[in-house]
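Before I ask anything, here is the structure I am working with.
We just call them A, B, C and D in the order they show up, numbering each chain from 1.
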Amino acid sequence: MKIKKEIKVDHLARIEGKAGIDVEIKDDSIDARMVVTEGPRFFEVITKNKRYEDAVAIFPRICSFCCTPHKLTPIEAVEDALDIQPSEQTKKLRELLYLGNMVESHALHLYLLVVPDYLGYSDAFEVARRGGGGMVKDGIFLKDVGAEIQTVIGSRSIHPENAIVGGFGKVPPKEKIEKIEKMAGEGLQKAVDAVEFFAEYEYPSYVNGSRRHLSIKPYEGYGVYGNEIISSDGHSFKIEDYKEHLNEEVASYSFAKRGKFMGEPYTVGAISRLVNNSALITGKAKELIEKYREFVNPENCFANNFAQAIEMVYFLERIKELASELHDIKDESIAKPERNSGDGYAVTEAPRGMLIYYMGIEDGIVKNVDVITPTAMFLPMMEVDISSMAKGLWEDGYQDREFIGKKIEMVARSYDPCISCSVHVTRL
Amino acid sequence: MESDNVYGLYKCRILRVYSLTEEEKLFLLRFEDSDIAESWSFIPGQFVQVALPGVGEIPISICSSPMRKGFFELCIKKVGKVTDMIHKLQPGDFVGIRGPYGNGFPMHEFENSDILLIAAGIGMVPLRSVFMYAVDNRWKFGNITVINSARYGNKLLFRKELEAMRDIAEAENIKIIQTVTRDPEWEGRVGRAQEHIGDANTDPENSYVAVCGPPTAYRSIFNKLIEAGYDPRKIYVTLERRMKCGVGKCGHCIAGSSTFLKYICIDGPVFGYYDIISTPGLI
Amino acid sequence: MKIGIHGLTSCYGCQLSMAVVKRILDISEKFDIKYFYMLSSAGKIEHVDVAFVEGSVSTEEDEKELKMIRENADVLVAIGSCAIHGGVQGILFNENVEYEEAFRTVYGNRDMEYEGRIAQPIDKFVKVDYRLPGCPPEEEEIMYYLATFAIGSWPEEKDYPVCAECRRAGNPCILIEKGEPCLGPVTVAGCDARCIKYNIPCIGCRGPVPDVSWFDSLAMTFKEKGMDREYVKKRMAIFASRYEGLNEMIDKIYGD
Amino acid sequence: MRYLKLGSGNIDRFLERISNYGELYAPQKISEKFYDYRKVDDIEKVEFNYNRTITPAKKYFIPPKQEMFEFDIEEGEYEETLGEVKPFVLFGLHACSIVALRILDGVYLNEYPDKYYAARREAGIIIGISCLPDEYCFCNLRRTDFVDVGFDLFLHELPDGYLIRVGSERGHRIVDENMDIFENVDNEDIENFKKFEKKRHEMFRYEGSFDNLRYMLELTENSPLWEEESEKCLGCGNCTMTCPTCRCYDVQDLPDIDGKHGKRIRFWDSCQFRSHGLVAGGHNFRETKKDRFINRYVCKNAYFYPLGTSYCVGCGNCTYFCPAGIDFLKNLMKIRDVIGAVHGE
C-alpha cells in the first residue's frame, strides 16, 4: 500500500516574501516544490509606456531587500539603450551605493535570519535575550553601515531616489563619504567574526551534489558590474544574448518564474561568485578564503552563508578603498542621452546573484521590459536541494515532520531567496 | 499665576470624576501647589488649556463658580484624542493646566439686571459658570432664567443638578427651563431653546443675555431675542475654534474679516451681538 | 502591549523598515511581538492590540489572511502605499488593464493553482483604523505611531502636502525653478521632502494627501509648463492610482 | 538718526567685524534662481543684491520646527527646552522684512510674551540693506518700503559703498567699536542717496494707497474671482510658509516608545491646510479650498494697528513662490476693479 506522506511548511519565516514548501514523499521518489503564494505584481506591465525616468523609479519597488540593484541595473540598461555616458565619479558612487546594499543585505540575512537557525532560536530577539546580544548588535551595526551608505548616496536605504539615469540628483558631501569610510573600517572586524562563526558549522551532507554556478565576469576586480556571464564549467556569453542561454519556465503552483541553463537547474549568488571569481578577491578576505578553503564548497548550498560572510569582509574593504578615492568629490552635471530610442541590456551581481534587465525604449518611452531575478534563477536548484534534504532525513529514519520542516527551511534560507523579486514578473 | 513661560503648565490633581452623560464627564480639580490653588481666579466664560503629556493640549471652559476658591471644575466631552485620554483618568491622577484665558463675560455689567442664559448642547458648560456665579452673588442680579437644551433628555448637561435646584430656585426668582428636540421618551418641554424665550422670567427691557451653542443656531436665537424685545447691545455669545496656544500666537482661532480680525482666544471667546453680525466669518 | 506585523503582496519594504529601526531591540522588549514572519518563525495569528499590515490584496490568500488579521486585532494600521492605496501594482487598475490580460502577457497561456488579482488597498476588505503612509514609512513616524499606542492613545495623521516640509526644510522649489514635474503639492507629508533635498522631483511615493489632493490644479500647472496629458496621467497614477476621480480631474484640465 | 558711510573697500572687513558679534547669517544663492538666508562660512558668498529669500527671516525667530518641552509622562512634569540662545547676526534684511519682524513682535510679545521668540529676538542683531524692487514688490503700497526702527544698522547702497543708518543702542555700540572702518557722510553721498531713492521709487509697478482694500475685500465675498483663482490653488501652503508675517503653528506631543518620556514640538502650519479650521466633531470653519483661499487674503489685508500697516508687507513672496503661479497682487488689483465695475453700473 502506498501512503502519501507530505511535509508542509505553509509560511516560510525569516525570508523576504511569502512562500511555502510542499514535500511529497512517495515510496520510490520524493518531490519538493516551493510554493510561492505571493500575488503577482506585473512590473513589466506597469512600467510599460512610462517615461524611462519614471520606470526606473518604479523598479526598486520589486523588492526592498535588493531595491538598490533594482535601481542601478535598470539605470544601466537605460544608459545602454540611449548611449548615456556617466562620469567616472558617478560610476564610483554607484559601486559604493551598490556595495552598501550588498553589506546591508548580507548582514540582515546572516545575523537576523540565519543565525537564529544555527543557534536553535526562533528569532534574533530570542538570540539577544539568551545572551547573544553582542552578536545581534554586530549584525545591526553592519546592517547600519550598509544602510548609511545607501542613505548618504541614495537618499535612503530602502528605495533610494537619488540615483537617477545619468548620475545623481545631488552628490554627497565629502564629510559624509569620510564617515562611510570610517564606518566600514569599524565594521571589518565584526565581519571577520561572522566568517569565524560560520566556519564552526559543518554543512549537512544530504544536500551535497554537483551543480553549475553562474555569475558575471566583472569588468574590474571582484566587482558587481560586467557584461559577460560565465559558468563554473567554462561556458560564457554576452548579456545581449542572454535569451538564447537562459530560459524561464512557469509552474502552476507558483507566481515565481523558474530559470534553466542548458535545460538544467543552476545556481547563482555569493557562493557562485566565489566559485567563479575567488581569484579576484584580495586582502583580508583572501586570507580567510585560504584559511577556510573547504568551506567554499561548490557542491553544498550551505556554503552560500559562508560565502556571504566572506563577501562582507571583502566588500567592506572595497568600500573603504572606494571612499578614499572619492575624497575630491565634486558637484557634477547629469549625463545626457545621445539618442532617444534604443535597446539596452544590463547585468549586475545583486546580493542573491545575477540580475538581468532588458529595456526597449522609443522616444523616451519604455516599450519593452524583461527582468530576470536571481531567485527565479535558482528556484529549481533549491527545490532539488530541499528534496535531497527531506529524502536523506527520511531515509535515515527521521519521522518528525516538524524537525524535517525546520531542516528544509534552513536549506531554503541558505539561498537567501527573495520572493518579491521572483514574483515581480518577466516576459516569456 | 507666575511663570516666565506662557506655555508652562501647572500640575492639577483630579479630586473627583462624575459622569454626567455617556459622553461628558465632570472633573473637580485642584492645583498641587496650594499657593496657586488659593490665589488662582477667573471670570465666568474663560477657559484653561488642559494638557496630558504625550497626548496633547486642549482648551476647555471652566464651568464652576469663581467664588469657589481652591477648586474648579471642567466638564469635558469625549470627542477625540486628548478628551478620550482624559476620560480614562481617575481621582488622584494629574493633568497640566495653564490659564485662565480669554475675556469672559462682563459680569460687572450684568449687575442689577436680569440674566437670561441660553444653552444648546455642550453650550451649558461655560454658562454654568455664569449661572453659579450669579447664584453665589444672588443679591447683585435681578431675575434669572436658564434655558438648557439638548437633542435628548439624557444629553442634557447638568440636568439633575438643575432639577434639584428647582424648589429653592423658585423661591429665589430663578427659572429653569430644560427642553429637548428629538427625544420621544422625554416628558418635559420640547423644542429648541429659542422657542422658550417667551417663558423666561426676565424683563427684556432690563436683561443681559448670554448664549452658547453651535454657531449655526445663533442667528435664529438672535432673531427670537430681538423679536421678544431684548436689547441687542446686551446679548453675548461665546465662540469655539481650534486652538493650540490659547494666547494669540498659533493663529488657528483667528476669525472674522479684514476690518475686524479677531483671536477667539484673547479677544474672545465672548463676543457681543454687533461684533457677530458685522463680521462675516465669525459664526 | 501585543502587536503583530504582517505582510500581504508588496516589496516587504515597510516590514523591513520596521525591522531595521535603530531601536528595534527596545521595541522587542517593550512590545510583545506576536507575529513578525519576516524576522521570526515564532508566532501565529492570535489576538493582538495592534496589527500592522503591509501590502496590497492581490490573491485570495491575501484576502483570507487579512480578514483573519482583522478579526484578531483591536486596532489595525495599514502601513505603506501598497496597503493604503494599492501600491505601484495598482497602476493596472488605473490603466484599466484586466487581470487576465496582464497575466497572459507575463505568464503566457498557463493555468495556475492560485488565482491572482489586480492589487487593491486593504480598506476595500476590512476596516482600517489608522494609516501610516510611506514607500516605505519613515523611521520617525514608525516610532511615533508605536509610542502613541504604547501610552494608550493614537497617532495624529498628517493632512498636508510635502511642499510644507519642503519649505520648512529650506529647499529651493524645483517645480517653480526648473519646471520639473514635482508631485510634492499632492503628496502627503512626512518624508521631510527628502527627494527635493536631492534635487529629485517628488514621484509621490507616500500617496496622495487624504481627500484634499488637487490633481486637477496640479495638472493645470503642469499643462502650462508644457507637459502632455499622457505623461502627466501616467506619472500621477504611479502611487495614486486609486485616488478617487484622478483620471477625471486630469481629463477636466486637458479636455476630452 | 546717526548716519555714517562704509566705503567699498571696507565691506569685507565690515562683514568680518560683525561676525564677531555672533554667528553670521546672510542671504546666499542656493540654486539657479533662488536665495535663502544661510550661515556664512565664506563671506564671498554673501549676497548684497537679491530680491527675496525662499524662507523669510522669521525662521530665525520661530524655527520651522522647534522643541518646546520635554515631559515625563508618569510624573506629569514638563521641562522647558529653550536652553541658551547664542547671539547671532542677521545681515541683509530688506525694509519689508524688518517691518514683518515688528509685526511678529506684535503677535509674540503681546500681553502673553512668548519666551522662545523673545529670547531669539533679543539675541539677533539685525542689519538691513537697501534694495530695488522687481515686478513682484509692492511694499510702497503697504507703506513698508522704508523703516525707522526695528534694526540695529541699515545699509543704503551708494556708488562707492554704503550709507549707514544706526537704528539702536546696539547699533551705536557696534559702530563705536569699529570706527576705523567708517567715514563721515558728505554732500556727494547725500546726493547719491537721493538719486538711489528716486530711482527706487520710479521702479515700483504701482503707486497709491491700498487701504480701502479691506472694505473691498469684504464686499466682494461673492466675486467669481475667488472661484476661478482657488481652482488653480494647490493647497500646498507655499504662500504662507514663504510669507514673512504668516506664523501659524501647530503643536504636537511626541511620546517616546518607552511610554515614559517625550517632547512637545511646534512647527509651521498653514491656513491653507484642511485641518487648520477643523474642530472636534468634524465641523470645519474653512470647509472648502475656496474658503481657505479667501482666508489668506482676508487675514493678510487686515490692519495691524500698532504699526498702521496691514499684515501683508508687500514683499511679493507669496506670488513668486506659488507653484501654481497665482498672483496675489494682481488679484487684489482685480478686487478693486470688480468693485469699481459694480459702482459703475
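The rule we apply is simple: a residue touches a chain if its C-beta (ideal position, glycine included) is under 8 Å from a C-beta of that chain, and two chains touch if they have at least 3 such contacts.
Keep in mind that what you see is a predicted model, and the values were worked out from it rather than measured.
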Inter-chain pair with the most contacting C-beta pairs: A-C
Per Cα centroids, the chain farthest from chain D: A
Interchain centroid distance [CA atoms averaged], chain A/chain B, Å: 66
Intercentroid distance (Cα basis), chain D paired with chain C, Å: 37
Between chain B and chain C, centroid-to-centroid distance (C-alpha), Å: 43
Centroid distance [mean C-alpha coordinates] between chain D and chain A, Å: 52
Touching two or more other chains - residue numbers and ranges from chain C: 147-148, 151, 153, 156
For chain B, residues contacting two or more additional chains: 54-55
Multi-chain contact residues (two or more partners), chain D: 73, 252, 255, 262, 275
Complete list of chain pairs which touch one another: A-C, B-C, B-D, C-D
Interfacial residue positions of chain D with respect to chain C in the complex: 30-34, 36, 54-55, 59, 64-65, 73, 231-238, 241-242, 252, 254-259, 262, 267-268, 270, 273-275, 289, 321-325
Residues of chain C that touch chain B when the two form their complex: 147-148, 151-154, 156
Parts of chain B lying in touch with chain C, wherever the complex brings them together: 54-55, 81, 84-85, 88
Contacting residues of chain D [partner chain B, same complex]: 68-69, 71-73, 76-78, 80, 82, 107-108, 110-115, 213-215, 217-218, 221, 246-253, 255, 262, 264, 266, 269, 271, 275-281, 283, 285, 298-299, 301-303
Residues of chain A that touch chain C when the two form their complex: 11, 13-18, 37-46, 49-51, 54, 57-58, 60-65, 67, 108, 112-113, 116, 122-126, 128, 133, 136-137, 140, 143-144, 147, 155-159, 161-162, 164, 168-170, 250, 252-253, 255, 409, 420, 425-428
